[in-house]
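The same chain A turns up in both complexes below, where it pairs with chain B and then with chain C.
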Partner chain A sequence: MSASTLRGQTFSVGYSLLFFGFLFGPLIIMTITAFNSSSFPRISPWECFTTEWFGVLVNDRRLMGGLVNSIIIGAGVVALSVPVGLAGALALAEIGPKLRSALYTVLITPILIPGVVLGISTIVFWGHIGRQLGFGYDSVFFNGMFLTIAGQVTFISAYAMLIFSARLQRFDPTLTEAALDLGATPGQAFRKIMLPFLRPAILSAAFLTLLASFENYNTTVFTILAQSTFTTALASKVRYGIDPSLSALAVIIIAVTLIGAMIQEAHTRRREAIVTGRASRSRLYGNPIGRFVAHPATIGLLLIALAAVAIWRGSLHDATVCKQEVIDEKRANQQRFLEEQQKRMKQNAPAPQPAQPGAPQGTKNPSPFGGAFGNVAPQSPDAAPPGPPPAQNPSPFGGAFQGLSPPKQ
Partner chain B sequence: MDRLKSVFDEFVSRHGIGVALFISLTVLVWVLVLIALPQVAMLDYSFRHNLSPQDIGGPQDVYTLSNYGFFLFRDGSGTNTLDMGVLGKTILASVLVTIIDVIVCYPIAFILAHSATGVAARLMILGLIVPFWVNEILRAFAFRVIFGATGLINGVGMSLGFWDVPIDFIRANVALYSGLTYTYILLMVFPIYNAVEALDRNQIEAAQDMGASWWRVHWRIVLPVAKPGIASGATMVFMLTAGALAAPQILGGPSNLWFTQLVYQWFSDAGNWQRGSAYAAILLVTCLGFVLLMMKVFKVNIGAIGR
Partner chain C sequence: MTKDVALDHVTIRFGSHTAVDNALLTIQGGEFFSFLGPSGCGKTTLLRCISGFIEPTEGRVLIGGNDMRRVGPNKRPTALIFQNLALFPLMSVAENIAFPLEVRGVGRKERRRRADELLDLIALPGVGDKKVYELSGGQRQRVAIARALAVEPDILLLDEPLSALDLKLRHHMRTELRSIQKRVGLTFIYITHDQGEALTMSDRVAVMSAGVVQQIDVPEVIYDRPRTAFVASFVGETNAISGKVASQSGGDVVVDTPIGMLPGRASGGRSYAPGDIVTLFIRPEQLAVGEAANAPSISCTVVKEEFEGSVRNLFLEDKGIPLRLSRVNSGSEGAPLVPGQVVKASYNPEKAWALPATPEA
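Up next is the complex of A and B:
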C-alpha cells in the first residue's frame, strides 16, 4: 500500500466520522435532553434524570388530536398516491422518447415546486370549484382533510413514481411477451407478471409515501385550514415555546426507526443468505437455533420486548426527590443572594430604588423567584409563593446569577 | 392527438383495456386536476382584488395588477425594497446552502461509492437514511437546542470561558443555515452517489499511475461523471431550501424573514389570499427561472433531475 492511498484512506475514515458526527450529533443531543428535568431542553447544567417528559408528551391533547388526523390523511395519501405513481411510471416506461421527456418534466415538477405554492394553489383551486358548483363552506371543498390529501397526493405521487420507475427499468419485457404468446390475456399478464414483479416497489412506495405525508409541513400548513395535523401541531408547539417533551417525541421516533431498520437489516441478510445458498453452509443459518435467533420476527419481538421493559422501568422512575433537592439548592442560593443583597443595601446608604446588580428582568422572568426580586423589600424565601415545580423554571438558578434571561422562544 | 391515440392502443394491446384505461385516466387526472389547473387557478386568483364573499362575481370582481404592483411599489409610495430584499436574500441564502451541501456531500458520496465496502457501506447508507425518518420539525428543533441563547454551544463556550455573553446564533442565521444544510443532505448525497458509482475505478487508477495528483483526478475524471448528479441534487436542494417554511419559522431570526414567510403572513395574518397567491407566483417564477438559468449556464437538462 503506497503512502498516497494510506493518506486517502485516513482522509476517508476521518471525513466519514466527521460527517456522521454532524448527522447524528443533533439527534444524540436531543435524545439526552429528553431525560433532563430542566424545563428548557438542555444538557448542561444537568438537573435530574427524569422520564416525566414522556408523560407530558402523551398528555398533549393538541398533538394527539393531530396524530389522529395525520393517520387518516396518511392512509388516504398512500391509497391514492401509490396507484397514481404506478400509473405515471408505467406511462413513462412505455411511451416514445420525445413524449416521455415532456411527460417526465411535467410529472417531476410537483417535487420541485415549493410546497407553499402547492398548498396555496390547492386551496384556491378547490375553493373556486366549490363556489362555482354552489357549495357552502362546510362542503368537502373547504374541508382541511380533503384539501390536504389532494395537495399532498400531487407531489407525493411523484416520489412513488420515481421508486416504480427505478424498479421498472430492470423489468424484462420479454416476460410479458412470453406470457402473451402462451395464451394469457393482456390483463392476466399484467396481474401475474407485472404486479408480482413490482411488489417490493409497491411496499417501499407505500412506506415512503406514508412517511412523506406524515412529515409534510409546507403544503399541509395551508391546506389543513383550521384543523391541525401532527406536524403542524408540532410546529406551532416548537414556535411558541419549547420544552423537552419534544425531545421525548424524538426519542420515540428514533427508537422506532432504529428497531425498524434492524428488522429490515435482518430480513435482507436472511434473504440474501437464502438466495445465494450460503444459508446451508453458514454457521448462523445452518443450525436451527441460529436460524431461529436470526429470524427477523425473533429480532423484532426481542427489540419490542426490550423497548417495553424500558418503558415499564421508565414509568416507575420517580425524580421528585432529586427535583426537590434541586429546588432546595436553588432556594439556598437564593437565600444567600438575598442576604448579600441586604448587606450591600445597608452599606449603600438609603438609595430609594437601588440598582440590583444581576437581578433578572422582573416581569419577564418565569422563575419562581422572579417575583421575589421585583420586590425591593427583602423577604424570606418562605414568604414567596411556594415555588412551582422546576418544570416552569428555565434555569436551575432561577436566573439569579449572571442575569440569565429566560430563553427567548 | 393521433400520437396519444396510438400510445393508448399500444397500452391496450400490451396490458389489456382495463390497465390501459387506469393508466391514461390516472395520469390525465394527475396532470390536469392536481398539477396544472391548481397552478392556473392560483395565477388567476393573484390577479384579483381581495373582496368580501358577497362581492365575488359582482361588478368589482375585475382583474388587477395591484397585487404584483404591491410587491414592486408598496401602494405607490416608492419601491418596495423590503419585500424585494427578502426575495433576493432568500435566493442568495439558498444558493449558499446548496453550495455548502455540494461541498459536504461530494466527498461522502465518493467515499460511499468507491472506498466503503460490505458492512461499512451498508451501515453508512443506513446511517444516512435514519436521521431523515425523524420529522423535519424535530430536526429544526434539535438545532434550536444546540444554538439557542441557553443552548449547548453557548453553554459549553461560556463555561469554558471562550465568551461571556451568549452569542445570538439565531439572529446571526447560523442556526438557520446549519439546519437547512442538514435537512437536505440526503437529497444531495444520493444523486451524486448514483452518478459517481457508475465510474469505472480503473480510470482513477490509470490517472494515478500516470502521476495525476488527487485533486486533478477529481477535477478531470470524477467531477465530469458526477456532474449530472450534482446538478440534480443542487436543483432539488435549491428549490426545497428556497421553498422551506418550517426551518425559517423555527430557526430564523426575528428580523430575518424568508420569502415563504411573507407568503404565509399574507395568508394567515393578513387574510389576503389574493396577494398571497401573487407572492407565491413570484416565488415560483423566480425560483424556476433561476434554476433554468443555472441549467443553461452549466449545460444540463431537466431530464437529469430525480434520476
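Up next is the complex of A and C:
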C-alpha cells in the first residue's frame, strides 16, 4: 500500500519535473546564454559573465526600427479591432438565432484562413483600390504600415469579437431595459450600463489584440513590403546568423512577462479578497502594512525598481578584462597545440597522409557556425598543410571539448 | 399627481400567437391594480406594453388620456420593477437609486440627497454606500422600489417582484408594498401568478387566461362570485361538479349531476336553457359536515382526512366524484371521521356557482 503510494508519488514528481523541464528548459538555457560572452549563444564552455549583448541588441538599428514599427502597428490594430470586434459581438447578440449562426460563420472565417492568404489578398485588394482611384506607389495603399494594420485587423478583430461574445453572454439584457425604463437614452444605457460591464473584456481584448499583432509573422511578412516589423526583422536576423543578443531580447521579454504576471496576480488576489469579504480577516490584508505591501501598485513599483537596478548594475559591468584573459588563454592553448602538432608531424613526416574526409582545408574556417563548436582546425598560416593523420587525433571529437576556439580574426 | 391607465382594445400578437386578446380596461389613478393569471397568460406582455417595450398590434394604450403609441419606455411616466429586479451590479446602492437622476443631468450632491431621502422612505437608511450584492433579498427588493420611485413616475409597474423571496419575506413584503403604495399614493400595477398576493394587496384584480381578461373586480367579488369557470377554478380551492341544467328561475339554477339534483346560482345574470352543460363550483369551506335546515346536502363516503394546521381537509367521494371539505380547526368539530364512513355534506346554494363548462369566447 505505502510502497505503491511512494512509487506513485515518485512517478508524479518525476513526471512533473520532466514536464516543467520540457516547458521551461529552453527558456532557462536561453536566459543563461544571454550572459555568456561567447559570440555564439551557448552555455558551455562558459567564458565570461557579460552584459554586452544587451548593448548589441539596443544598437541593432534594424531590430529597433522594427520594434518601433511593431508598436505603431500594434496601437493601430488595437484601436481598430477592439471597436470592430465589439460591434460584431453586439450584432451577434442582437440578431435572431437563424441569422446569428450565419453571421458567426462569416465573422469567424478570417481566423480559419491561413495568414499567408490574408497577407497576399490584403496587398492585392488595397493595391487594386489604390490603382483604381489613381494613386501612385507612394500613396497609403502601398504603405507597408497601413497594409499591415489593414491585414492584421481582418482576423485579429475576430479574436476581439470572441472575447466580447463570451462576456456578453453573461450580460443580463433586462439591465439595459431597466436603464431605458428609468429614463436613460439608448446611448446612455450603453455607456453607463453595458460598457462598464464590458470593461474587463475590453482590457483583455486590447491586450490580446496587441499581442496577436506584435507576434504575427505570416501575414505581416507580405503586407509590410519593404519595411520591417520586430518579428520580420528578427526572422531575417536568424536567417543571417544569430548571436546572443537574441537571448538578451528573450531575457527582456521574459522579465516583462513575469513582472506583468506578478502585478496581475497581486491585483486578482486583492480583488478576490475584497469581493468575498475575506479581506478584513486575512493575515495579509487585515493590517495596513500588509495591505500596502500586497497592493499591486507597490508590487509593480518594487519589481520595476528591481529591474532598473539590474539594468543599472548591468550597464556598469565590464567584462573586457575577463574576455582578454579568455583570449590569452585560447592563444596559449593554440600555441601549445600547434607546437605539439608540429612535433608530431616531424615524427610522422614519411608516413602517407590520406585526405581526411570533411577535414577543414585552408586557413579560413568553412563552418557556418563560425567555430561555434570549438573546432580545432589549424588557424595560423604556418599550419597550412592538411590536418594531422586521424590515427594521431587524441579524441574522436577533435578536441571539441577542450574549449579550443580559433583566435579572433 | 396620479394618472389613469386605459387599455383600449389592446391586442398583441407574436407571429400567429395572440399573447393579449382585446384587453379593454381602465386602471384608476392611485389604485393598486393586479393582473392575476398562470404563467404564459399574457400578463407580463401586457405590462411590457404599458411600460413601452412592446407596441400593441391593435388598440391603444392611454396614460392620463394621452396615446402612448411611439413613446419610448424612457419617455413614459411609468417605472417598471423587473422580476429579477435588474439592479445594476457594478454600482453602489445610492448610485442605483440615483441612476434616473444621473441620466437626467442632476448634480452629484443633489443625487446623493435624493437617494438618502428615498432610502429613508423604504426604511433602509445608511446602506447607500453598500454594494448591491451585500444586501439581502428583501432589501434589494426595496432598493428596486426606491430606484423606480426616483423617476417620480405616475405609475409603478411591478412584474412578480416577490417571486424570488422566501415565504415569510414574501408575506412581509406584501404589507410593505401596500404601505409604500399608500404613502406615495401612486398607481401600482402589479403582475402575479400568486392569488394570495393579488387578493391581499389589490384594490382591484384582473384575472387573465390565455391572453383574455376573464374578470375585473375587487378581490372579494373575484373570490366569492367568479364569473367564469377559469376564475372559479384558478382563484382559490374549489369543487367542480359537472352536470346539466335542470331548471332556472331568476338567478337560481338546479343542476342535474351524477350525485343528485344540486341547486346553485347563475353568475353574472346568465340564463340557461334546460340541458345546457354547466359546472357547479362549491368552495371547500362552503361545505359542512351534517345536515342543515334549508341547505342541500350530498351524502358521501370519507376517503381520508388531512390536518393542515388552521384547517382540517376532509376528502370525500360520491359516485367517483371527489369532494373536498375544509373545517376550521377550532377543536369543536367532534370526533375524527374514519375512512369508509358515510356522512352528509351540506352547502349554502347562494355560494355555489353554475358556470358554463367552457370559457365563453
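Please note the rule applied: the second predicted complex is superposed on the first by the 330 of 409 C-alpha atoms of A that agree within 3 Å, B and C clash if a C-alpha of one lies under 4 Å from a C-alpha of the other, contacts with A are read in each partner's own complex, and residues count from 1 in each chain.
Definition applied: a contact is a pair of C-beta atoms (placed from the backbone, for glycine too) under 8 Å apart; a residue touches a chain by one contact, two chains touch by 3 or more.
Everything numeric here is computed off the predicted structure, so don't read it as measured data.
Using the superposition on chain A described above, determine whether A:Thr185 touches chain B (first), chain C (second), both, or neither.
Both partners, chain B and chain C.
Once the shared chain is lined up, is A:Ile111 touching chain B (first), chain C (second), both, or neither of them?
After superposing on A, A:Ile111 lies in contact with chain B but is clear of chain C.
Have a look at where A:Phe125 lands relative to chain B and chain C in the superposition and call it first, second, both or neither.
After superposing on A, A:Phe125 lies in contact with chain B but is clear of chain C.
Answer with first, second, both or neither: which of chain B and chain C does A:Ala250 touch in the superposed model?
The first partner, chain B, only.
A:Val153 in the overlay: touching chain B, chain C, both, or neither? Say first, second, both or neither.
first
Quick check on the superposed pair: does A:Ile193 touch chain B, chain C, both, or neither? Answer first, second, both or neither.
second
For A:Asp328, is the partner it touches chain B (first), chain C (second), both, or none of the two (neither)?
A:Asp328 contacts neither chain B nor chain C.
Can you tell me whether chain B or chain C touches more residues on chain A?
Answer, by number of touched residues of chain A: B.
Looking at A:Thr174, would you say it contacts chain B, chain C, both, or neither? Reply first, second, both or neither.
The second partner, chain C, only.
Residues on chain A in contact with chain B in one complex and with chain C in the other?
Overlap of chain B and chain C footprints on chain A: residues 185, 188.
Would you mind writing out the residues of chain A in touch with chain B in their complex?
Those in contact with chain B are residues 4, 8-9, 12, 15-16, 19-20, 22-27, 29-30, 33, 40-45, 83-84, 87-88, 90-91, 94-96, 99, 101, 103-118, 120-122, 124-126, 128, 131, 150, 153-154, 157-158, 162, 176, 185-190, 194, 211, 214-215, 217-218, 221-222, 231, 234-235, 238-239, 242, 246-247, 249-250, 253-254, 257-258, 261, 265, 394-395, 404-405, 407-408.
Considering only the defined contacts, which chain B positions touch chain A in the complex?
For this pair, the touching residues of chain B are 3, 7, 10-19, 22-24, 26-27, 29-31, 34-39, 41-42, 45, 56, 104, 107-108, 111, 115-116, 122, 124, 126-131, 133-146, 148-152, 155-156, 159, 182, 185, 208, 214, 235-236, 239-240, 242-246, 249-250, 260, 263-264, 267, 273, 276-277, 280-281, 283-284, 287-288, 291, 302-303, 305-306.
Report the residues of chain A in contact with chain C in the complex, numbered from low to high.
Against chain C, the touching part of chain A is residues 172, 174-175, 177-185, 188, 192-193, 196-197.
Along chain C, where are the residues that touch chain A in the complex?
That would be residues 51-53, 72-74, 78-80, 82, 84, 86, 88, 90, 99-100, 102-104, 147-148, 150-151 of chain C.
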